[in-house]
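Down below are the structures I want you to see.
There are two complexes below, and they share chain A, which is joined by chain B in the first and by chain C in the second.
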Partner chain A sequence: MTAQNKIDFATAKSELAAIAGKSGALVSGVASAGAFDDAPEGYRPADILPHAKSVLVVGGAQPRAGDWQSPNYQHMEVTTTSDRMQTLALKMARFIEDRFSYYAVAVPAGVDRGQQPFMSISMAADLAGCGSKSLAGPVLHPEFGFMYYGAIITTMPLPADKPLDPPACPAPECVRMYEAEGTTPCLNTCPAKAGGCLDGRIEDGRFTERQYDATRCATRVQNYWVPGFQKVLGATLQEPDAEKQKMMLFSSMFSRTLWSMTYSNVAQGQCAECMRVCPVGYEYRTKN
Partner chain B sequence: MGFYFVDPETYNKYKDEILEMSHAVQVNFQEHLPADKRQPGYSDKQIAEKLGLELKVVREIRCVAERDKYPLDEFEEAIRFKEKACLDYSVKGMSAVMEKYVKESKK
Partner chain C sequence: MHASETESRTQQIKQFALDAGGDVVGIANPRDWDEHVPEGHRPYDILPGAKSVVVVGSRGPTAGAWRSPNHRVMEVNGYDFRNDAAIHRVADMIESDFDHLAIQAPGLPTGGHLPPMSMMLSAVLAGLGTRSLAANIILNPKYGLLYYSACITTLEFDYDGMLEQDVCPHHMCVESYRRFGKTPCMAACPSDNGGCLDGAIDDDGRIEYSYYDRERCVSRAMNFGINSFQKSLAQIVAEEDSERQSTMIHSDFFSRSCSAITNYKESVAQCFECMRVCPIGRTERKLQ
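And now, the complex of A and B:
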């Protein structure tokens, strides 16, 4: 343990980054705990850890190139690797407390009673310069593209990084595509005007007029999960015909939903079609 | 009954308004937009203050409305959507949407 008054925080930050890297993170960064003004009251770092000074973010564990190539969309639902970053966040929190004697809490994955994340890890990743929010929603790293993130809130006053400038989205390819065709890969794949989740424009190299239907996205991302379970259960309970009710209970939809909930310890992302076509990090998703 | 839920009458009265004010459908949400253009949506607490309701009432209505908005059919449609998009990509790769723009970047 290092005495608090002997800590060089810039050196400590480098040490934390090195440990995160050795433990599987591709990126790490720090956001100031005071920079979360945009987060709703009750969902800021100090709401989880009083006197929080910094939020350390780690990112990595993307699906492999082969995962993206699979023709079976259900494949990635059960091979999600997001829990690796959550595990790393827990490890980093413990390291901060043991090595530097500051409080540290890994932001829990999952949601609270209001179905909201305890703190937005994507906002933390954006503020820490580990990536930037995309038109489609997920935070993209400019080199690696889509990845998973974990966040650690600490009372340790680490030097803060800044959001990326320019942001990773829109990629130059998307700007060119938008200029030529009036759309981008993600908008083209999941257009709100045709029953999808996304809409938006690109102006002066930045996306604007963005629309995102989070409730429709939930029907896709949480297709065979808690929302799907609630919908099917509701329909099944209302079915007066016992034979039909049996068909619904034993249906592939309901059974698959139950299996998915069994597989999952925290959450599952069951739709990644907007990310599958994203050019950011494309080279890492392409092999022979 | 032994747990808190909102009565259907209150739910039906406020569900559309609360959903529209919430983050359920995000329009011009992003931080880089100028303040006069940005519409970041309201938190449950802010909605409660604007509508003069209790926070727990707003939270409950929003949670139910988010699930209620789209029928079960939409979940079945999601399966069709993902099957097609995933299969298209596995066959065509990026050419399904934008390979020529990626190639231009590599020149």
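And now, the complex of A and C:
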């Protein structure tokens, strides 16, 4: 345990980055706990850990190039690795407490009451300069593109990073495409005006408007898992024909929803088409 | 020569277990189970020829998590399975480096609420802690609440033996009991006032008797998880109004119950109040 009055916080930040990198993170960064003004009250770092000073963000564990190349789209539905960053966040929180003697808590992944997250990990990644918001929704790292993030709130006053400038999205290719065609690859692959989830506007090389239909997206991204289970359960219970009800209970759809719930790797996302066409991080999604 | 070899590999496996993520490690003699459990629940019933049981304990919530005013943070993030991960590495190491059989001891319920092998008893027999007035939780003298996993192996190690001194009650609790008739944990959750705990401390400062209402505790410690899922499902199936049934299926409560099943971390425990007031291990939770 390090005596606090001897800690060089810049050195400590480098040490944390090295540990995170060695443990599988591709990026890490720090946001000031006071920078979350845009988050509603109750969802800021100090609401989770009193006297919070910093939010350490780790990112990585994105699908491999081979995953993106598989012609079987169901492959990526059942092999996602997002849990790795949450596991790393728990490890980093413990490391901060044991090594530096400051309080630390990993932000729980997923959602809680009212399907709201405990704290926006996307916002933390954005503020920590680990990536920036995109037209497609996910926070994109300028080099690696789409990845998963974990966040650790701590009372340790680490030097804060700044949001990326310029942001990772829109990429120059997307700006050119928008100027020529009025759309980008992600908007084009899932257009809100034609039954999709995305819309937006680019002005002076930056996106100035963004529309994301989260409800519609959820019906596609989470075909299985809790929302799928609730849907199929309701339909099954309301089926008056006993024989048909039995068939529904043993159907592939019902079985898959249970598989996805008990083996939660399936839970994270079952549509990645907006990311598939994104030029940011494209080189990491292609190999020989 | 034989004794020194056993001592040497005992030290080796213990250090390995600590490096693998354990906070404490102890080793018990499989024959010590004989006087405590019925046939079928002893280590050598599960792995014939068992010579040792290696037990690893890991801390659950970080000190920061204990301080969070949002109780749901610890409910979701309280447990990170480090003890399970560590015990698997221990078993791997025994089989690969020592060429002896090694398995993880099965600690989850298989009949009613009973596991094939008790991790609580394993921790006690390996000298890692003793039973407490607080829901019989095994308290380690340094850390207090820990989560335990065990490895049964045919390899012989040196045994630790049980702790000679009870960890609970702490001398502060003895004093509290003599003045007020209750310890902090009993005061936090008194069975005579809707809670789960009762007990008495004798003239020697030891537990005279303890009472723990497990059924009542389960209804509080597992608000979300398998139990709440079963409870909700029974109500949903019994609901005759199809509109109301649909509302129940898509309710926040049922959604969170489903989510708790998919994220097993969440289903372990959702009430820590008897441990929050426990003086044992408090210094380990006191940071800056």
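For the reader, a short list of remarks on this structure follows.
Methods note: the second predicted complex is superposed on the first by the 285 of 288 C-alpha atoms of A that agree within 3 Å, B and C clash if a C-alpha of one lies under 4 Å from a C-alpha of the other, contacts with A are read in each partner's own complex, and residues count from 1 in each chain.
Note that a contact is a pair of C-beta atoms (placed from the backbone, for glycine too) under 8 Å apart; a residue touches a chain by one contact, two chains touch by 3 or more.
Since the model is a prediction, treat every value here as computed from it, not as a measurement.
Annotation: superposed three-chain arrangement on chain A; chain B versus chain C shows no clash, the two fitting side by side.
Applying the stated contact rule after C-alpha superposition, one finds that A:R113 touches each of chain B and chain C. Centred on chain A, the angle reaching out to chain B and chain C in the chain A superposition, using CA centres, is 110 degrees in steps of 10. By the document's definition of touching, of the two partners only chain C reaches A:P50; chain B does not. Shared-chain residue A:A25: touches no atom of chain B or chain C.
Of the two partner chains, neither chain B nor chain C is touched by A:M275.
Of the two partner chains, neither chain B nor chain C is touched by A:L88. By the document's definition of touching, both partners, chain B and chain C, reach A:Q230. By the touch criterion stated above, A:P185 is placed in contact with chain B alone, chain C being left untouched.
Of the two partner chains, chain C is the only one that A:M261 touches; chain B does not reach it. Between chain B and chain C, B contacts the larger number of chain A residues.
Distance between chain B and chain C in the overlay is 6 Å (nearest C-alpha pair, rounded to whole angstrom).
The residues of chain A shared by its contacts with chain B and with chain C are 113-115, 230, 234. The touching residues of chain C, when paired with chain A in their complex, are 59, 62-65, 67-70, 72-73, 76-77, 80, 236-237, 242, 245-246, 249-250, 252, 254-256, 258-259, 261-263, 287-288. Touching chain C in their complex are the following residues of chain A: 4, 47-50, 87, 90-91, 93-94, 97, 101-106, 108-115, 118, 153-155, 225-226, 229-230, 233-234, 237-238, 260-262, 264, 267. Interface of chain A with chain B (complex): residues 38, 40-43, 68-73, 113-115, 126, 133, 167, 172-174, 176-177, 180, 185, 188-190, 195-196, 206-216, 218-220, 223, 227-228, 230-232, 234-235, 253, 270-271, 273, 276-277, 279, 282, 286.
Partner chain A is touched in their complex by these residues of chain B: 19, 23-33, 37, 40, 43-46, 59, 62-63, 66-67, 69-72, 74-79, 81-83, 85-87, 89-91, 93-94, 96-98, 101-102, 104-105.
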